[in-house]
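Please go over the structures that come below.
Shared chain: chain A. Partners: chain B in the first complex, chain C in the second.
For the complex of A and B:
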């Protein structure tokens, strides 16, 4: 699902399927990197809490919003067969 | 042995440039041996006439409106001086005339690899519905207007907004039949009838340069997303993409059309359904075709090889993420060169 994405260490994201580019903040870069490296979406909240100074409720909300945004932008859309 | 000699038209290079200069750059980049390039220009002031490393010889050409016989005579004259192996016409407006003399050119030993006349007719905006009806290629629903009395009935068939387009150029969005009326009159006075009303599709638009082998096969295609536009909506910057769904749509359309030669496809991906629609087929390279070279898919050179009867293996989709940014440039020209083109209609840079 993520082979079309090029994400730099600085959070510059290029979606090769749509040609769109994005600038991600530090936590967004972290979360997307986790997904690209194979993390399941359900595991993202714990990973965010482990690496950032954030409480559970905020982490849950942020992850949910981030995943929604990625889907809305087609970044995590599966290719049709 | 004389070098391979290729003639290319369309050397205008203004803010709405013709494809000739980038096509020549592509050929020079693709040819393993140095080749001789003849520029076929319509105006002594076409900047491509004067650019270093573009055309070796430049000839002024008659406008297409002067007819096929005049064009053939001019090419025969040029061919007598500098034998031509391949001509690549790069402008929509000249293609019908070149098609008329294709047989005569072949007799002279001059080859082309261009769409068939029937394909030119199919891509006409006024007949675009036939792509869906006859070939099953998705296009936005459209009707042709020949009189303004048709406009009040548009409500029955379309949801607003709609696109109102001229048969050759111009497109406006209209949010009501009253707005359609205004655009209809404007387009009719500028471009004539019919005027086309088309379903408005919300989504992402992609531009594609492609070459078909004429037997249903796709030689290669480079899709891109426009990143910068001029005030005329022309691409001034873009980036290659690789979307498997879009690639399948392109391959399918080129197969159904059995398209021969180069084309530029404008394709819309509908936002909510993800369905692709063909918006336009231009029967020539786009002016941004040098991006295909940047992406490692030299489509103009492939077209030269096909014109020469050589086999060209189908190209894999290009890598995404290759950008082009166009820039303008003040070309210094000598008075002697300008004089040569204005008075003799020829300029030979190789003899300097």
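For the complex of A and C:
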């Protein structure tokens, strides 16, 4: 699902399918990297809390909004088979 | 393992090339203090939104302007343009600096009189001066600037009724090479109407010409337009002098110098593109000096500068009330100050500066006010770092026209404070309450008998 995405350490993202490029901040890069490496979306909140200084409510809200944003930008859109 | 500092996860799509988004020219700026006073403490004490004026800047700008003109010309008099900002405390600072008052209605005239300004230090402009107001102004020795023939006849009539001969001035409009040309006010120079009015005024026997006035527009970025205006008024003054034998006592070039604000359509910020006050001063005074008035007949140079004196002395403190993502992907933000109190947002690209920047990516953001109205946009696009609800922002420069053109619409108007030159913070206008709005209303008894919950 993520084979088309090339994400660099400093948050530059290239989507090979669309040719679009993006910038992500540190926490955004962290989350997308988890997804690319196979993490399930439901596990992202815990991973965020483990690595960043953030409370649970904020992490839950921000992960939800970030996932929505990825879908909205069609970064995580599933290919229509 | 120590955890990393957190910042809300963000992803921004690049449009139109990377350089546009993250290229030079987009800098991270914050503003945490005004005249040394922390913005957060001002908000803690007075709430938000909050208008803040700096007495230091008001006095500093006035002195710079006065110096620029008085170094170049022997007789200079500024008159504070009331409509630009007629809060009593603000007007008093200008009067304290030596400014007279420039008013455009009987309401503003009364405001100036209540502050103790004598009639002969009030310039009365505007296309409508009701007869009682005109009579009072003439009687109190105000500098009345006639706008059209009907007003000239009315002034003549009043002089007859009072059995007096009054000095009056005329407003003149003209081509100064700029657009739009404000030809709806006063008598036209280029077609000879202004000379005609000046001569007509003398022949009636009840009035005589005291001065010539023009106000060629507002936010004029071309100092040369003022050179043309001043030289046309000087030429007119000399012609009237030749034809009537009477010199005029002043030439008033009005207001209109650009402040350091930035128009929406301007590319560079106003701090870079607005001419310094010295350029305007050089243009006006050189035209007057070159006109060749006799040493004893040099007219006083009057100025009615508004926005250029006060704009950057005014700040709006506001807070974030919500973050949004629009359907087209753009980031948006709702703040607690809208176009109801920032009327000038329609014309100017105000600076919107966070009080603190916790880092994170800058992203192009639409800044909306709190009104439930589509037009309530404070900045259509500005690069801001991530901000949370309740984070404070400073919007500037907002000193000109906002506290006079603000609307009582949907929300009540907020407090206004003045930071004194010693760092004192004084409330100069209380926040409105529902009573402020409702006390003028009357409900017919037949409608007040029944209440909604019956």
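The rule we apply is simple: the second predicted complex is superposed on the first by the 81 of 81 C-alpha atoms of A that agree within 3 Å, B and C clash if a C-alpha of one lies under 4 Å from a C-alpha of the other, contacts with A are read in each partner's own complex, and residues count from 1 in each chain.
Operating definition for what follows: a contact is a pair of C-beta atoms (placed from the backbone, for glycine too) under 8 Å apart; a residue touches a chain by one contact, two chains touch by 3 or more.
Keep in mind that what you see is a predicted model, and the values were worked out from it rather than measured.
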Fit-or-clash call for chain B and chain C when the two complexes are aligned on chain A: fit
Does chain C touch more residues of chain A than chain B does, or is it the other way round? C
Using centres of C-alpha atoms, tell me the angle at chain A that chain B and chain C span after the overlay, to the nearest 10°. 80
Would you sort A:32 into first (chain B), second (chain C), both or neither based on which partner it touches? second
Just checking: does A:19 make contact with chain B only, chain C only, both, or neither of them? Give me first, second, both or neither. first
Given the touch rule stated above, what does A:70 touch, chain B (first), chain C (second), both, or neither? second
Looking at the overlay, does A:6 come into contact with chain B only (first), chain C only (second), both, or neither? first
After the superposition, pull out the minimum Cα separation from chain B to chain C in whole angstrom, please. 6
Under the contact definition given at the top, report the residues of chain A touching chain B in one complex and chain C in the other. 20
Chain A-touching residues of chain C, taken from the complex the two chains share: 3-14, 18, 21-22, 325, 329, 360-361
Residue set of chain A touching chain B in the complex reads 4, 6, 14, 16-20, 79-80
Would you pull the chain B residues touching chain A in the complex into a rising list? 204, 206, 224-225, 227, 238-245, 274, 319-321
Considering only the defined contacts, which chain A positions touch chain C in the complex? 13, 20-28, 30-32, 48, 50-54, 58, 62-63, 65-66, 68-70, 72-73, 75
